[in-house]
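Labels run A, B, C and D following the written order; every chain starts at residue 1.
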Amino acid sequence: MNKKEEEKVDQQSELNLSRRTVLSTGAALAGAGIIGSQLIDPAAKTAYAAGSDEPIRIGFQAHRTGIGALYGRWYERTTNAAAKYINSIGGIAGRPIEIITEDDGTDPKRGADVVEKLATKHKVDFVYGTLFSHVVMGSAPRAGELKIPYFVVSEGYHVASGALNRYVFQPCITDVRSQITAVANWIFSNLGKNVALIYPDYAFGYDHRDYASAAAAKSGAKITAKIAIPPTASSFTRYFIQIPKNTDVIYHVMVGPGVLTFVREMGEHFGSVDVFEHYGSKHLKLFGFIDSLEGVNINSPGLEFLDGSHFWEAMPRYADGYPTAAEKFYRDTVGIDDSGASKSDSKDVAAYSHMFGCWETLFAIKEAVEQSGYKSKKDYQTLIETFEGFSGFNEGIAHPQGSKVFSGKTHQCYGQQFVSQVKNGKFNVVHRTSIADGMYEPETDYTKKSL
Amino acid sequence: MRRKSLKYALFMQGGVLLLLFLLQFFLPAYHHSSFSKIMILASYAIGYNFLLGYTGLMSLGHAMFFASGMYSAGLSIFYFGFTPLEGMIFGTLFTLTVSLIFGLFALRTKAVSFLIVTLMFGQTFYLAILYYNEFTYGQDGFSLTDYLGTLSILGKEYLYSDPAIRYNFALILLASYLLITTLIVLSPVGRILIAIRENEPRTQLLGYNVFSYKLFALTFSGTLAGISGAMHALLYSYIGTTFAEIHHSISPLLWTLLGGAGTIIGPLLGTGIMFYLIDFISGITSNYLLVVGVVLVLTIIWFPLGIMGTIRQKWLKWLP
Amino acid sequence: MASVELLSTHGLSRQYGGLTAVDNVDFNFCQDRIQAIIGPNGAGKTTLVNLICGRVPPSSGSIIYKGKDISKLSSAKRVQSGIVYTFQVTSIFSNLSCYENVALSAQRSLKTQQGKWLMVSETVIEEQVFESLSRVGLQGKEYQTAGTLPYGHQKLLEVAMSLAADPELLILDEPTQGLAQSEIYNLIGLVRTISKSVNVLLIEHNMEVVFNLAEYVTVMDNGSIMTEGTPSEIENNHDVQVLYLGT
Amino acid sequence: MVFLALLDGTVTAFVLALIALGLSLVFGVMRIVNVAHGEFFMLGAVLSWFAYHWTGDALWGFILALLVAPVIVGVIAVLSERYILRKVHYNPESTIVATIGILYVIQQLTLMLFGPEARPVEAPIYFRVVFPWFGYSGYKLLVAAMSGLCLCGVWILMKRSKLGLYMRATQQDHEIATTFGVPTKKIYASVFALGGGLAALAGVLVVPIRQADHLMGLEPLLLSFIVVIIGGLGSLRGTIIAAFLIGISDGIISVFYEPTLAKMLATLFVVMILIIKPGGLFGESPQ
């Protein structure tokens, strides 16, 4: 990227991340049904007064093994940190939280069994925490049959699309469709209008394919290639050849154990973004979704070429990207250092753009339980209806990633997104979207479905 | 001997089925649903065993048949508005066709080559589901919950996902698989299949068209797997590529070998043991596959014939 | 005895690589008699019968059986039309019981006889099995696992399987090989009884057996037919003496 | 485009040949299918990460891994041969099941000791070869060259050494070899160790161009299966030719079709070869 462009980008995305702005974003949302507006003071320990000692049992469906294991580990750490913190401030409605974790092997078959096991054997109150979208798809019908609320942290568009049932909620992580909608225009106006998509041959990838294409059609940009990478691929060079010459931007997103290889081979093939001359006189730009690099140190060998390229982040990995008090509190409590790695091992990089969803979802459950007066499984209906009545969550310790708008119709939340540029071996936030940037017309209405 | 076998076998299976029928009134919810699952998967394994245990053909692509039944039933209900029964019938016929065509090609190869060809075909089928994701919903799959409607029995309406429906449908499936495979195995046709397993060239020289018998066994086995898949789709209303992956082909092999290849009841036993073993161990460690591995190695060293196979060799000679 | 041709080969050859195992053989088998093929090791006897029963395809030439060219038929089809082969080295189903071994053979022939498409009743099969086993003297061993029988009995089981196949032409490939003297005498008796209803083609090394049983003998050497004749003609043939005695 | 496809295909082919070589040897000499072969490959890669981590230096870590990983894996292979495969008498079907068991054990132990994530290992030397149209990893070319060297090494071992002679004799006829005084038990153990060691070696070479993770064994296993079967049972020449056939055709198909479709076509291509020639390209017919 040349200097002029850089200035332009900086101007456009001028960031003023003072505490006041953040709070005012929340304030803008104020109105009927906004909950969780008070910042919870960790010092004010409520005794488990009102409630019984009987804990609220939350079944955690974790990807401990299989392709989701890297995310699973961070989801587990975040969940445990959140549960510990919630218990330290008096639990949920005065009752302590108990997390019961079962591994689903990142497999939908086993996922459904795990939901069943958690519900019927461990007799949990809620099931929670699934990430991979195919596991959600496989597990959700079972949750619906068992009539147990199922809170996912998956960022898939499956919930909002209406494909699932009324028991499934995605309350605290924005879905892929909204993420793409929010950043697409920024890509087209700042990086270029001819975009080649590279995505995994999964539903997650199809969302990228479909909604990036839709956004392009709207704003007059052109998709020059759609390259779906099969899940079994371990070598990627050959697929890069298919990118046509009139391309300005490579839009890439990848998941699974092959991510680093993918990015590295991209670097080998195209060289550093600035030098690359192959595609006519223009410079080829890269825009990636952070999924391609979750858990990966940006300073790994072979990634030097990423310098100057842009990434979408849901929550900035580096502490200076979004320096709010709540963010800092969250980061410290989970045990993450300023560069997004584990405090105990700087080589252990977190899945920072996803795991906040676990933290926030537990707080959302807390809100719902407390507001609905949920006591036991027979109160599910009230709980679900209360939840559907929520219209958002305010930023704060409970929601450190930012305020959320929640749609009772789609059971889905919408939050702000970040665009960061890689510079000097770290991510630097250059643009923050508003929640409105990512909104779309709801395609379903779960409140009309039966319970 | 054969008639005695048949009589004893039917008695024993009848007993097992009766026990399973009665158990549904006593099992706690979790085990109730586990048993349903085991019975469905066991029926898949019984179909697999028909090919491996009685014809001697080891396939590593059976997930293809399971998935083809599951997807053809599921997609026809999802897109064409078929009723669940029509979906089942369509799924059965579709899988029958798939396995017949597959057999015509794959049975040109033998032994390890056959193994690889089944594996490759299975892999191709899996990739095809991914490739046509606009139609099949790719890896995510889709849910039939809103498309199945209810089932009316004696004037009452039931959901397919109702635990009692699930249990009894699985039981009926299992019972019919046990009965039909027992009858075939103990019929003259079964005798020929076993002969092929034992000594294929000699069977040819006894005047049998070995190819067509193998084709029959493969088609039958594939169709059984397909019906299990279709039934799974109805009862669990989720359809996804996880059922087409290679792991889902290895599973019936393991269940069958553990329970005893070439015994009718073995696959049921193997499936049940493996299910509960994994269930139990996954509560202790997430590395439950480690234990699966150890069990496999020990079984093959100490009980190469599987549990029922060893029992037959030692005590119950009549066991089919 | 009127000699009606049951089976004949015309210019039948088979090469393995560069080696010619059977070389342009015109062989005739006439109905209603025990005929034998003899010859030293590697003379091409076994290859010839393998060609006849379809285990190996011919390189050239044809095989006519009951007036029809069968050289393109599969081995299974040939068995169905009555050409039954009894193995030199026993090839039984050693993990199955004697009953099952014979039943396998019986149910096929019964099915062909009755022209049924799928099933033959087990009662009929059972009858046939018991009869075949008792004909070779294995009655009472029905439920013994075949592989546990002594070798001589395994050979008899082979014969029983062949009998149950309802042969028209029974090819016995070295039936006495590996048998004790007393077993050989029994076998000679058995074959003689069988031959009353079945055409027998005998491949044999043991001259005593050949001259005891055969009514017509074909001598093979180096893949071709050297000479043919009655046992006494063969016994006195100088070339055959040279071939066997080396003088 | 075709040039890159050929180049990438050739590199793939060399790596594939090296991985498949061990499987082919075991297949040919012992007549068994080792399903755990991919795990030996994975172990090589994982051990290489440990070596890299321990020495903290890409070059020395690489050299250490190159020397140590094949030995460790070879020892594991010998132990599983001695205590498992020998116990099931190398029965083909039992062996498949037993090695599936070994696969799970190795994979899960790795998961426990190494963790679930994919970990990068730095290449001992890193440079980009810049062609007029695109760049290509220099290390990849080096891997191809080293694979080629290993293939030659094994070739010489088979043709020139006493061990090779014994192996070929055992492959021809196990019983006759025994009567001629070939220590077949020892040969079996050595072949299995050699097979495992070669897979581990391939793992060490490959890991800098991908990453080490506990699930990485499956794909090379499937691919080397295909290569060995297509090449023909136990034919080393066939294995190498098949590796090139598959590597290059896969590379070219990938350029012209959508990736998933390309995988499908490549897989079907393999199936068709087998159906037309059930014995593989250079194997004896199974009849």
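Keep in mind that, in the parts below, contacts are C-beta pairs under 8 Å (C-beta built on N, C-alpha and C of every residue); 3 or more make two chains touch, one makes a residue touch a chain.
Every value quoted in this text rests on a predicted model; they were computed, and no experiment measured them.
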(message) Between subunit C and subunit D, how many steps is the shortest route if every step has to go to a touching chain?
(response) 2
(request) Please name the chain that ends up farthest from subunit C once chain centres are defined by their CA atoms averaged. (result) A
(request) Please list the single chain whose C-alpha centre lies closest to the global protein C-alpha centre. (result) B
(message) Counting only Cα atoms for the centres, state how far subunit A is from subunit B in Å.
(response) 39
(request) Could you grab the centroid distance between subunit B and subunit D? Build each centroid from C-alpha atoms only and quote it in angstrom. (result) 33
(request) Mind checking the centre-to-centre distance between subunit A and subunit C? Centres are C-alpha means, answer in whole Å. (result) 78
(message) Counting only residues that touch at least two other chains, what does the list for subunit B look like?
(response) 127, 130-131, 287, 289
(message) Going by the contact rule already set, what residues in subunit A reach two or more other chains?
(response) 64-65, 201, 230
(request) Return the residues of subunit D touching two or more other chains; collapse runs of consecutive numbers into ranges. (result) 111, 258, 260, 263
(message) How do the chains pair up in terms of touching? List each pair.
(response) A-B, A-D, B-C, B-D
(message) Which residues of subunit A touch subunit D once you look at their complex with the stated criterion?
(response) 64-67, 69-70, 72-73, 201, 227-230, 232-235, 237-242, 257-261, 265, 268-271, 278, 295, 300-302
(request) Spell out the part of subunit B that touches subunit D in their complex, as residue ranges. (result) 58, 105-106, 108-113, 115-117, 119-121, 123-124, 127-128, 130-131, 246, 250, 253-254, 257, 287, 289-290, 292-297, 299-301, 304
(request) Would you mind writing out the residues of subunit D in touch with subunit A in their complex? (result) 1, 4-5, 8-9, 12, 58, 111, 116-118, 120, 122-123, 126, 128, 130, 133-137, 209-211, 213, 215-216, 219, 251, 254-255, 258-260, 263
(message) With touch defined as at the start, can you tell me which subunit A residues reach subunit B in the complex?
(response) 64-65, 102-103, 107-109, 112-113, 116-117, 120-121, 133-134, 137-138, 140-142, 144-145, 156, 158, 163-165, 201-204, 206, 230-231
(request) Note which residues of subunit B are touching subunit C in the complex, please. (result) 1-3, 187-189, 191-192, 194-195, 198-199, 201-210
